[in-house]
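Common to both upcoming complexes is chain A, partnered first by chain B, then by chain C.
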Partner chain A sequence: MKSRLALLLAVCISCSLVLSGCWNSRELNELAIVSGIGIDSLDGKPGYRVTFQIINPSSSSQTMGSTSNQPPIVIVSATDRTIFGALRKASRRATRQLFFAHTQLVIIGESLARTGVTSIFDIFERSHELRLNSAVLVSKDTDAASVLKLLTTLETLPSMGLLKKMQNTSQVWGENRRVTVFEVINGITGASDFTINGVQIVGDVVEGQKKSSLEQSDPMVGSLMSGLGVFKEGQLIGWLNGPESRGTQWMLNKLNETNVNVDSPDTEEDIAVNIFYSKTRVKVELQDGKPVFHVHIAEEGIINETGGFVDLSKEKELEALEQGIEQKTADEVRQAFEAAQKMKTDIFNLGNELKRIHPDQWEKVKQDWSSAFAEGELDLRVEAFIRSTGMRLKPYIPAKK
Partner chain B sequence: MRKEVIGPFQLFAMIVLFELGTAVVVPIGLESGHAVWISILVALPGGILLFMLYTYLYRQFPDLVISGYTRKILGKWIGWPLSLLYLPVLTYNGGRNLREAGDLLISSSYDRTPIFIINSIMIIAVMYILYQGIEVFSRTSEIYFWLIVIMGMISNFVVIIAGLVQFKNLFPVHPGEWIEVYKSAYPNIWIFPYGELVCFTAVLPHFKTKNKIGRTGAGAITLSALMLSFTHAIEMSVLGPDIYSRTTFPMFTMITLVNVANFLQRLDALVILTLIIGVFFKMSIYCYAAVSITADLFHVKEPRKLVIPVCSVVLYSSFVSAENYPVHMNDGKVFLENILPFLCAVIPVLLFVVHLVRRRFGWYR
Partner chain C sequence: MPKQQSQSNPGEISSSSQESPPIFTDLEDTLKQIHERLGNSPDLNVRKYETLNHENHVAVMYINGLVDKELVDEYVTHALSFEEIREEAPSAADLFIFAKEKALSIGKEKVVEDQNSVLEALLSGDTIILFDKLDKGISVTTSGGEGRSVTEATTQVNIRGPKDSFTESLGTNIALVRKRIKNPNLWIETLTMGSVTKTDVSIAHIHGLAKEETLQQIRKKLADIHVDSILESGYIEQLIEENNYSPFPTLYNTERPDSVAGNLLEGRIAIFVDGTPFVLILPATFFMFFHTVEDYYQRYDITSVIRVLRFICLLVSLFGPAIFVAALNFHQEMIPTPLLINFASQREGVPFPVVIEVLLLEVTFEIIREAGIRMPSQIGQTVSIIGGLVLGQAAVQAGIVSPAMVIVVSLTGISSFATPAFNMALSIRILRFVITFVAAYIGLYGIAIVGLILVAHLCSLRSMGVPYMSPVAPFAPGDQKDIFLRAPLHFMKTRRRLLKNDKAPGATVQNSQGSRHEK
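What follows is the complex of A and B.
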């Protein structure tokens, strides 16, 4: 009986030692939580300069109020031939082990993007800490490190700020969208090419790293979501801006909500229509060896502002406006399509679509898909509906005589 | 000592958990690309047929495990060595399941823990439950069946409402691909996971309602096939054929992508739990089958005494079988194509035919 009791005790003690899971333990106060990663090229040499934006817990907590005068983030960077190498080398500058499970943002410097991004993302797949759904940005006209160093207003954590900026603008304006590492990998492996959001710095970069830059109501520097970077075979070859980038989103069926200005009977572009629903259907086929892209866009909008007189109680006027929206949308999509054809990059997933639906036809063109795409024909159909005119019918503005 | 018995629902739960086991977490039937979910359904009739074969043999000899009736049917001199073949295969495959679970746990979250510790903890749990007996085990599986079903529903539901599912990754299935669907269904998916049900020949003698066996088994296999097919279809539709074919742990990759309203995310624990529960039941049944066949072959009066030695062999084989995960996967392919079909299908069919012939001509004494 006594020996059994001793055995039981031994089992209990050994279980509590092993099963508590402390083997893998990492204490929170021994970790440096990385919120953003920036990857730059080393002018011509192989390898990367990797910049980590680390959260400074004592000055980013909101409940305590800013107790210290330190900025909410700390920047650490290291260079190495591989990203993992750089990440381990960074330990020479960081007091705590870098922890990547909360990384939300990956920024790629423009010069690195121009030489190719294909090999960067393997670590995001292979590691169990890094997430496939972190967002990717390309820093336009600057390196990734300077974007990460910028402090932001409203949001304490700059990467969170950038992320929210991106989400916000893609939600209501639609020139950008949240591109994740997962999408980029699918873009690299798929038959088509892909686009990544651009981010730009406006103002003085050096000032933006100081906390004092935030101590005025109009911050000296800021970041700005700007256009879509076009990648061909993993290399950045150009930028799509304004209507071209919104047209791309339209074509990809990624548009949530946006604003289109259409002409009223008297004045140009003085009626603001809020597009709140848009659905794009794409069919691809080969006709006489040439790809034909059938694109059908259906969109719905609300009239939010009129600059001149238009009798919105009349069905005919509304129909004319709907036609105006269709015209504007088609214009933007055509612009985007032509820009892509000029660059010979299929950024609209059309190759994947052809491969999926007609694998036999795909076999014929896959050798030289980008030139086949460049010669392809766009068969575009847009249908727009105005669902509401807001709180008023006729505007108070008098009609011109 | 009283004979241990299991009820119909308990058997049902055990079969479902066994089938889901590792098959739900690792990629299966890679040859069929994005149509793997159809392959799973195509292999289902074959799986049910195989199970019917086992139940037929069980009805003929309701008190014997597979090694027992092998000796009855083929005679002592052929039957004994042939049944002995089951032991290395069962222990090796049990070890493979353990290894797979250990490796996946290490690569997904316990990166610093030695595999020996993880595997030992799991095998200790198996030893404990088998030492308690099959009845305790079956009651446990009754509870965990619901747990797995609920967790599976939560994970799939969350993935769906996160808007990750893209049905264009699943359709269309072109005529040429149907051949590949069929090819990966037979024999690969037919044997793994359906053919592995051969382990249940050791459990069935404890089943108390003999006339319900067919319905219970077929129902359980159909349900698990539907669950497997659905889960793999969701995994494929979220990840796409490219990532699905390269990932070691598709379910984990899928769940890491979930982000519902910046609030519901990092549900990795659900997947890890599914893996651990599934492997626990699968491995336990493998070990149990090995224990009861050993006890039968060597006339051990109390099978319990064999639990610790057999489980130790399983633990040991989980290490020495492969140096690393790629080697483990390649070994698995060879094992699945050359050895497992022999024990899951060829021997039972042989027994069935010989038994029919002997009975027809009255060659039983």
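What follows is the complex of A and C.
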């Protein structure tokens, strides 16, 4: 009796194993690994055109024997009322099941961005495959599909290349920073507004889709990280470029490393200072119903290049240079701040800061925070220090008589 | 393998159960019967003498190859031709006394009174002297003959430490241990096992260190064994282990005398079996199989690092292919993107699922390993070249397996050889197949489940009453000095909690190793 019971149990268990088994098992060569997703609006009609950049493993890996003449990526797109619908519809064009866990990039077309991005990120939170730490970009002056179609040199995978471009420039130049899906969702739900990096195509878009465009040392087409798209209530309302966007990063304490050109005693902007440390502290309070933003920036730099003569062995000269850096930094931050005020968009996370520190004061202004922000006052203090002058003191350039 | 525990065995030689024929007073009769009973085997050597006084006939017999010929010639044959025999031994009875008391100046002699004991003595290498007109004889211990000399250990090789290993001779083996533990408390008891083979089996322990209960338990278990034959210590191992259906070995075996000595000093018990160089040690714990004697000869820091490495190898050899299969089939999101793309491109042309690939390679690897063991050593190299180079390289180029898979499988294979105990490595290898299957079925979830079952099973095992996973489970904080790491010798001053003989605290043994109480 007992042995029969055990046998029955064994049969049940093995049945449950055999019958259910492997349902989620997928072989690698049955997967289409999606490296980038582009979302565009359909002109006027509701719905999306979703473009997938699929990795072609046999021509994109670095291993031996995988030289094929196919491009490293394949583009598949589909249109549907919902993004998930488009994902599934794409199967009509793709030979393998799309696999999203390795999506590096989500690119939003500018026209869609202008109509609003609020609703498109739900699937990223809901799906177990899509990642919240994929980077988000807004294609500037073009649609997302074109950006995804571009082939790149050096990096075989265009999405990877674009991502590295973004990381690299945010690391050493500081106008952009990696914005993830998670941050965008936070921006949508938070009290402040947010920015998303812009990406631009320079050159001939059609040429850029051909592999022959990679066979030249100077590719005819390329992508460029350009500026920050300013979003207000989920809608793209404008762009911040150059100093404005770097000022934004400064304000947000997201600046990692950058270069500031300051004036030498006799020429303008001919001394390059590499800022390698920057820390921003922000305090927000209401004074007579008007928000005041106390921003304190401390930065440190190294002199990396001088275009003319400066006697760097003298402390006075260094102090003058430090003042120059402070001046430049303050200028950029002010420009960014004024641009944001003009657009009545708090992209500096200041609203959240006020809400966090003075919830009671926030209650008074939260109804009309945008206009309150626009009238706010910036109390900016910058402290700059030069920590080193590189491997020499006085430059070899003689002083001008 | 001979049948064990057979009820009525035709090969059963006359033992105490049957009535033994006596030794006849007529020498010729006795000799004839003994010849018959040995099936007229040519290796029975009989020499008949007439003593010097021409009155008595004496027969000296032994079995060729089992005795030390020099001993027989010098002490037995020679002793019976003393001049004194003329006066002192006129009759057979006198001759018997004379030979027993005076002439035979050799180690051990005893009186045999029936044919069975004559046969038994002959077969264990004794020389028998029979006298005409007398119904008893003398058996003299002259065992010797050809045997392998003490050589370097072949299965448990080490860099530093003694190079000798056990041989097939029980006496030599025990002597090798005695030489290391010069202490009267090293007690050895011998019993004969196997109704046909009559194999000598010795239990060794250090009195005062080994637990008395464990010893009793072993004695009882050995006494309960009724088999025809004990040809190797493996027979005893299988017959006395508590968990026959567990994949894990619960008895440790070694061919190194220093390992036996060390384990005896830890309070363990050794079982020597005549005819094999492998000595059983018990109780054994899981972690013993991952330690070597050399761990104690090298400095503690080196040993500790190497031990950690061994446990990493254990994990790799157990879970390596399984994790690979699970990650590739179920958890592609866990692999970094560039690596995933590389894997994907390698798998582009491969027609089989990952798990089939793994099994193909694993089975190939097992074939090469098994063939390599049985193969004459001259051809061994050919096998490794064909196996490693041709199969590995060519299989990849032929598109049957992917290159990454070759790496995974070979790494696993090599890792499994990093386990010092071969029997443990074999068990792990079998379990690896199970885990790989489960991983191919339900991914990491399955690996976790099997891992849990394994841990639970390991914790439930016992070796002679000692929990297999001790001192980790049950946890003994004081005994952690010698498990995953090894503390410097001067910290190791206490004995293992579960092995300690509670009745003799501090032990009566003067430890010859200075501060090294616990090995």
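Miscellaneous remarks
Definition applied: the second predicted complex is superposed on the first by the 380 of 401 C-alpha atoms of A that agree within 3 Å, B and C clash if a C-alpha of one lies under 4 Å from a C-alpha of the other, contacts with A are read in each partner's own complex, and residues count from 1 in each chain.
To be clear about the criterion, a residue touches a chain if its C-beta (ideal position, glycine included) is under 8 Å from a C-beta of that chain, and two chains touch if they have at least 3 such contacts.
Not measured: the values here are computed from a predicted model.
By the touch criterion defined above, A:Q216 lies against neither chain B nor chain C after alignment on the C-alpha atoms of chain A. More residues of chain A are touched by C (comparison of chain B with chain C). After overlaying the two complexes on the shared chain, residue contacts for A:S3 are found with neither chain B nor chain C. By the touch criterion stated above, A:R356 is placed in contact with chain B alone, chain C being left untouched.
Contacts of A:S16 after superposition on the shared chain: neither chain B nor chain C is touched. In the superposed model, A:Q367 lies in contact with neither chain B nor chain C.
When both complexes are overlaid on chain A, the residue A:N24 reaches chain B and chain C alike. Look at A:I33: by the touch rule set out above, it reaches chain C but stays clear of chain B.
The intersection of chain A residues touching chain B with those touching chain C, taken from the two complexes, comprises 24, 101, 131. For chain A in complex with chain C, the residues that touch the partner chain are 17, 21-22, 24-29, 31, 33, 35, 55, 57-58, 60-63, 66, 99, 101-102, 104, 129, 131, 157, 160.
Put simply, chain A touches chain B in their complex at residues 18-19, 23-24, 101, 125, 128, 131-133, 182, 185-186, 189-190, 356-357, 359. The part of chain B that touches chain A in the complex is made up of residues 107-114, 117, 121, 168, 172, 174, 176, 240, 242-243, 246-247, 252-253, 256-257, 259, 266. Touching chain A in their complex are the following residues of chain C: 328-330, 332-333, 337-338, 340-348, 350, 353-354, 403, 440-443.
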